[in-house]
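Both of the next two complexes hold subunit A, though its partner changes from subunit B to subunit C.
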Partner chain A sequence: MLHMLPDTAVLFAGGIPIPFEAQTTRLAASLGLPATDVQNAFWTMAVGALCAVCCSLAGCFLVLRRISLLGDALSHSVLAGTAGVYLLTGRVDPVPMLCGAIAAGIVTAVLTQFVHKAALVPEDSSIGIVFTSLFAFGVVVVSQAKHVHLDLDCVLFGDLAFAGVNLHPTFGWLVPESFRSLIPTLMITLLLLAVFWKELRLTSFDPTLAVTLGFSATLMHYLLTTVVAIVTVSAMDVVGLLVVALLIVPAAIARLLTDRLSTMLVLSCLIGVSCTTIGYLLALRWDSSAAGLSAVVAGAELLVAIVVSPKNGLLGRLLRTVRLRIRICAEDVLAGLFRRQERSDAPDKRVQASVSECHTLAGGGIMSVAALRWLLSRQLLQQAGPVMLLSETGLRYARSMVRSHRLWEAYLQENFNLPSDHLHDPAEAMEHFIGPGVQQQITEELSQSAEDPHGRAIPDVKRQDVR
Partner chain B sequence: MFFTQTQIVLTGTLLLGIAAGMVGTFAVLRRRALAGDVVAHSALPGLCLAFLTFQSRSMLVLLSGALLSGLLGAVTVSLLKRFTRLRDDAVQGIVLSVFYGGGIALTRSIQNTHRNDPGADLESFIIGQAATMLKGDVQQIAVVVAVTAGIVLLLFKELKLLSFDEQFCQVQGWSAMGLDILLMLLTAITVVAGLPAVGVVLTAALLIIPPAAARFWSDRLSRMMMIACAIGGTSGVTGTLLSARYDGLPTGPLIVLTSTVIFALSWVFAPHRGVLWKSRDMTDLQSFLPWVESDDTVPRAPTTLDPHVSAQEAS
Partner chain C sequence: MTARTENKTSAVFDIHDMTVAYDRRPVLWNIDLTLRNPGLVAIVGPNGAGKSTMIRAAMGLVPMVSGSVSAWGSPIGRELGRIGYVPQRGSVDWDFPISVFETVLMGTYGSLGWFRHPGRVQRDLTMRCLERVGMQDYAQRQIGQLSGGQQQRVFLARALAQQAELYFMDEPMAGVDAATERVVFELLQSLSEEGRTIVVVHHDLRTVSEYFDEVVLLNVRIVASGPVDTTFTSANLQSTYGGRLSILDTMAEAVQKQTETE
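Moving on, here comes the complex of A and B:
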């Protein structure tokens, strides 16, 4: 053994090595903090991250299958399982407790369905009845238990903050107990994903098709429930009842950001890890509950996702609406200039308009400023001193707009027999959405496409002219 | 008048059970059973913030804060439903867990900063502590019950319409949204009133279990509501007595467990819908059961709890 022993932590461990110890010690030295503190923080974050990954993977399927509240129910009812085992055996051994908790999870899922189907109680009520009753049972038993390891506070609040403190020897390494107990959970979750990937995906998105293809949706439901129960039980030590936040919120955020299942799984894991890590650091800063703050961080991340999500975010939607409005205003200017040129004495001469006239055509306001900039930047308009000119491309664009407008008027009159004073307004709205393809279709359907119902010529555009 | 502590707590839990039964009936019929759960969980941060802002443990201050943040939770649920593509269940789970997480973080930091101040122990609100109920608290609960009962009785016809046929309610000129908001408000007030006794995690049970049990016994809304109130009151009283008898057992969970037992008994023994009734031999026995009308005069028991179906079949 040539490496140095820089701190007492290893001595205390009796020579069993701690993974990443050298790195955390080096980090501690560079930050000027005690080595044990940094090591604790590192392991707590590792436990939190592991916990978040397990929860997120299982949670994605809960969210997709619209049974998120089952996760909530399970997190409450596993207490009844551990309590029941304690009542039967009078001892606190990890393995029987785990089995009891898993059994309670499955019982919750089965009982919820049973109360719903057999007692004809609506599903939400049946979830509410089952999990509150089981939780109440658990609380009653635990409140009587004189055993230190059955602590109600731990269930209610979780103690992520201490997860990194208790190091236990495992396979020749010294790692925190909760880290050790979460590793098999992660294995089981990954195993489920690997073995039943296709079935899980199918039953999550189209249960009917799955059943007609011969996959049992019920079997998948209970398999998933079992895995969620296992995840919940092992995460319970660390985050308590707030395991439901780690199950649902990262998965929901990932759902907002993507439409692919695989991407969603990866994203939700990353988001979950960031929640527990930031939550833990904030808890250190404010001397508060790490699990609680992880949930709050998750909520904040959800808000951010709602606002900035590329496809469905509020910001994206707003941006698209603004862009469309600018385009419509700009197109109104082009069409207005084209009509003016048409009405002028010399239709071949390019029409001029002052800047203020262009603003009026665009409808005024800040939108018209943006619209003129849009036109100038695309060189559809040219500015010559105080006046604006339609450029060559602008003229073609405008001709196509007016053609769309008049074709639509003609189409409306021919097919819907509207009075002629009812044609302009719908065409004014539609002209912005009629591309060359639709123009072609309308032209083919109309009996004549030379004049619109008001007697004005429908300007012709060659194929390559349009937009 | 002189009350012993047990009498005070008994009165409080009895009133609480009645109020919850009344409001919960609509919640269960409207499929909003878990809305109460969301409100209860999201009340916790408001309670803590009220404590931090006013540095007072007066019930009125704490519960006002709780009510505000509970309502904020309910509003957040509807906003998220409106502006994102997340489903109902996910939205409820998100709001519930995030608000609860915020509450936990706040209680923990309050506890850490007020280590020597026993009055700062807000964690009792999580599981509830009925035994410490004061006379003033019971008076407040009494006011809540009176207000709730008044509103429910005044608008009984409208609320009934809303529960069974929302479209018809709207066609008749009643604002379904207004009535919905009113019901939400009543739910929130009841839940918040129940927080000190039953706690954040279990208050929802009071709203759900008694009405669900009452549903076994009647197809009439008025009767169902009365039965729900009775079951709620009974559970409150029984739970309190049990907790007083066996020292150290927490009151809130015992109240919930009592109502669960009543639910199970109703499921087994209720006429027409109960398990026993449905088994063949029992139908022959109905002449021996004096409290049950014979099948001819009673409308056929609906096959589901769906209010729409039962409304049609019972009419």
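Moving on, here comes the complex of A and C:
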């Protein structure tokens, strides 16, 4: 983020092996692209993926602890940390800068708690106050420094697009420079999860219980904050301030898709990797910011998740509503046929209705088509040429529906002060939701249960074995 | 002297001169409370009487201005492993991605300490606790899918998994149906028969004499405490619910003002 001017020349060492070189060369050949391009793309995607995995893992706990804003705060105060180190040492060295950035992250967390408690400001405001002040401090220091130049683009977007171009020798391999910070970061994150899995989950879910069981929730908070600071610092070099998107969005999407913490962690990693990978490929195509597009992709994936989420997804809710409507229409047909049979001269003879009459009973429209198919597929209705008739099970089902309807009318009559012409409509709505249990309960509560308020017999059902 | 020490160690739980303040404003005044025998104890009092605060302060979750709390004769901080706390149901995020089983398993963490992971013993214990509250069929459900009463049972199962000898429960009956309330009370009674002490913040005055052995009447100060038969009298209730002592309110404000201006 901070560069000495002039930029240090990239050292290219010959003869050091590059991992996966053979594979990328082969892929390049099969795609008919230059080998270096494919290799660059491969390493860029690898850096992006590594970044995404670190961010997603840490981000899950930020989201669950409802301290997402802390990620934002840390990414801003990192600048203050690096600037502070520059102020002290007068040099731009990567390792001290990294330490300074991490220290700034921890200072942010501590100051946030301090301002929150001492000044009695709500925690979110306190985070806002602390990180903007620290960020501003960093900006002031950098603007005063003579030989240091703040690369604004780099702060905002990182240098993901070039992450795969500059390969550096590391432990005998030629790999992207960011691997040097990202691999240890991933190790630290995984170590935190492996060692403190139980404690992290406990303090995230119920800090009070944690304290009474003898686990320090405060210690875990600072431990997590430190790891998030490390993740933020390493990831910011690659994706800039958009690290916030990688921290929060994949975790939030994963939360929508699952109810298990372990699944959530794995899913958020996959989602994070897909964001950076798709974002980078789109950036190549449109010649745009890779980090920016990764964040846009993350936002788009969140929208998709909102639609398809199994729990509260719009699509799921729509499907459930449609299914319910179909059932209600179908049940209306059954009840209608039953009433018709009841009114006919020969109540024991199975009543017949034409297909179009059934459609009318179901309320017409596309729903009635679906409803009739629903009934036929469950063999509640039988089709004999142009006419429909109730099957044995259909008759039982229908009888139960009408029973529910009339029981509800009787119940309303007894407990509500309603005129008798106000009883049918509510019963028409409620009949679809009254199961055998409620039928039983109403029967027990009613003083006389043989007839409904309109004087029609409440049909008796011995066993309700259809629903 | 010997007799006094003896007396003190025999008390299950003892609060001595506890005063608790929020932001310098006292909310509990000079609480003195001794529970000598195991049993079911209700803490009763109007809203804002400091019932929850009292047990939270006793557990060390809220700082005390003055006073000391001991259990079985030693400072409570040393005995936390033998004490279980069941917070109000609203204190956790029920949307948290965690199953019923995992939630109850957390009760065993205290005996595990840092770093050790729960094993076979803890899992078996968890399952037994779930069975005891009748929630074994819901073990793999996410906790948010449960009804209020079921959530309360999960909290109780978690407390059981702590295998504590002294429990503090903050309104375990809040928002549960009559059936759950009965189940909960039967459970509390069986715990009490095993020689444990259960201190319950309770709202429903009608059920106090039916279920509890002892009662603590609280309204920012202890109004009375002792066996239900002799303590739960209409005179005591009158002075608990008949309004706060207005001098205490005035004093609380005065203390707060003084500390602010100085």
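Going forward, the second predicted complex is superposed on the first by the 399 of 467 C-alpha atoms of A that agree within 3 Å, B and C clash if a C-alpha of one lies under 4 Å from a C-alpha of the other, contacts with A are read in each partner's own complex, and residues count from 1 in each chain.
Keep this in mind: a contact is a pair of C-beta atoms (placed from the backbone, for glycine too) under 8 Å apart; a residue touches a chain by one contact, two chains touch by 3 or more.
Just so we're clear, the structure is a prediction, and the values are computed from it rather than from any experiment.
S.K.: Of the two partners subunit B and subunit C, indicate the one touching more residues belonging to subunit A.
M.R.: B
S.K.: With both complexes overlaid on chain A, does A:255 touch subunit B (first), subunit C (second), both or neither?
M.R.: both
S.K.: Touching A:71 in the superposition: subunit B (first), subunit C (second), both, neither?
M.R.: first
S.K.: For A:212, using the defined touch cut-off, is the partner it touches subunit B, subunit C, both, or neither? Pick first, second, both or neither.
M.R.: Second partner only.
S.K.: A:204 in the overlay: touching subunit B, subunit C, both, or neither? Say first, second, both or neither.
M.R.: A:204: touches subunit C, not subunit B.
S.K.: Is A:287 touching anything from subunit B or subunit C once the two structures are fitted on A? First, second, both or neither.
M.R.: In the superposition, A:287 contacts subunit B only.
S.K.: Which of the two partners, first being subunit B and second being subunit C, lies in contact with A:190: first, second, both, or neither?
M.R.: Neither partner.
S.K.: Who does A:133 touch here: subunit B (first), subunit C (second), both, or neither?
M.R.: first
S.K.: Classify the contacts of A:298 with the two partner chains as first (subunit B alone), second (subunit C alone), both, or neither.
M.R.: first
S.K.: Report, in rising order, the residues of subunit A that make contact with subunit B in one complex and with subunit C in the other.
M.R.: 66, 255
S.K.: Can you check the complex and tell me which residues of subunit B touch subunit A?
M.R.: Answer in residue numbers: 28, 31-34, 37, 80, 83-90, 92-94, 96-109, 112-113, 123, 126-127, 201-202, 204-205, 208-209, 212, 215-216, 248-250, 252-254, 256-257, 260, 263, 267, 273, 303-306.
S.K.: Contact residues on subunit C for subunit A in the complex?
M.R.: Residues 59-61, 80-81, 83-85, 87, 91-93, 96-99, 102-103, 106, 109-110, 112-115, 117-118, 142, 144, 158, 162.
S.K.: Touching subunit C in the complex: which residues of subunit A?
M.R.: 64, 66, 195, 197-199, 201-202, 204-206, 208-209, 211-215, 255, 258-261, 263-264
S.K.: Please give the residue numbers of subunit A that touch subunit B in the complex, ascending.
M.R.: 63, 66-69, 71-72, 76, 119-122, 124-129, 132-133, 135-137, 139-140, 143-144, 152-153, 156-157, 240-242, 244-245, 247-249, 251-252, 255-256, 283, 286-289, 291-296, 298-299, 302, 306, 312, 314
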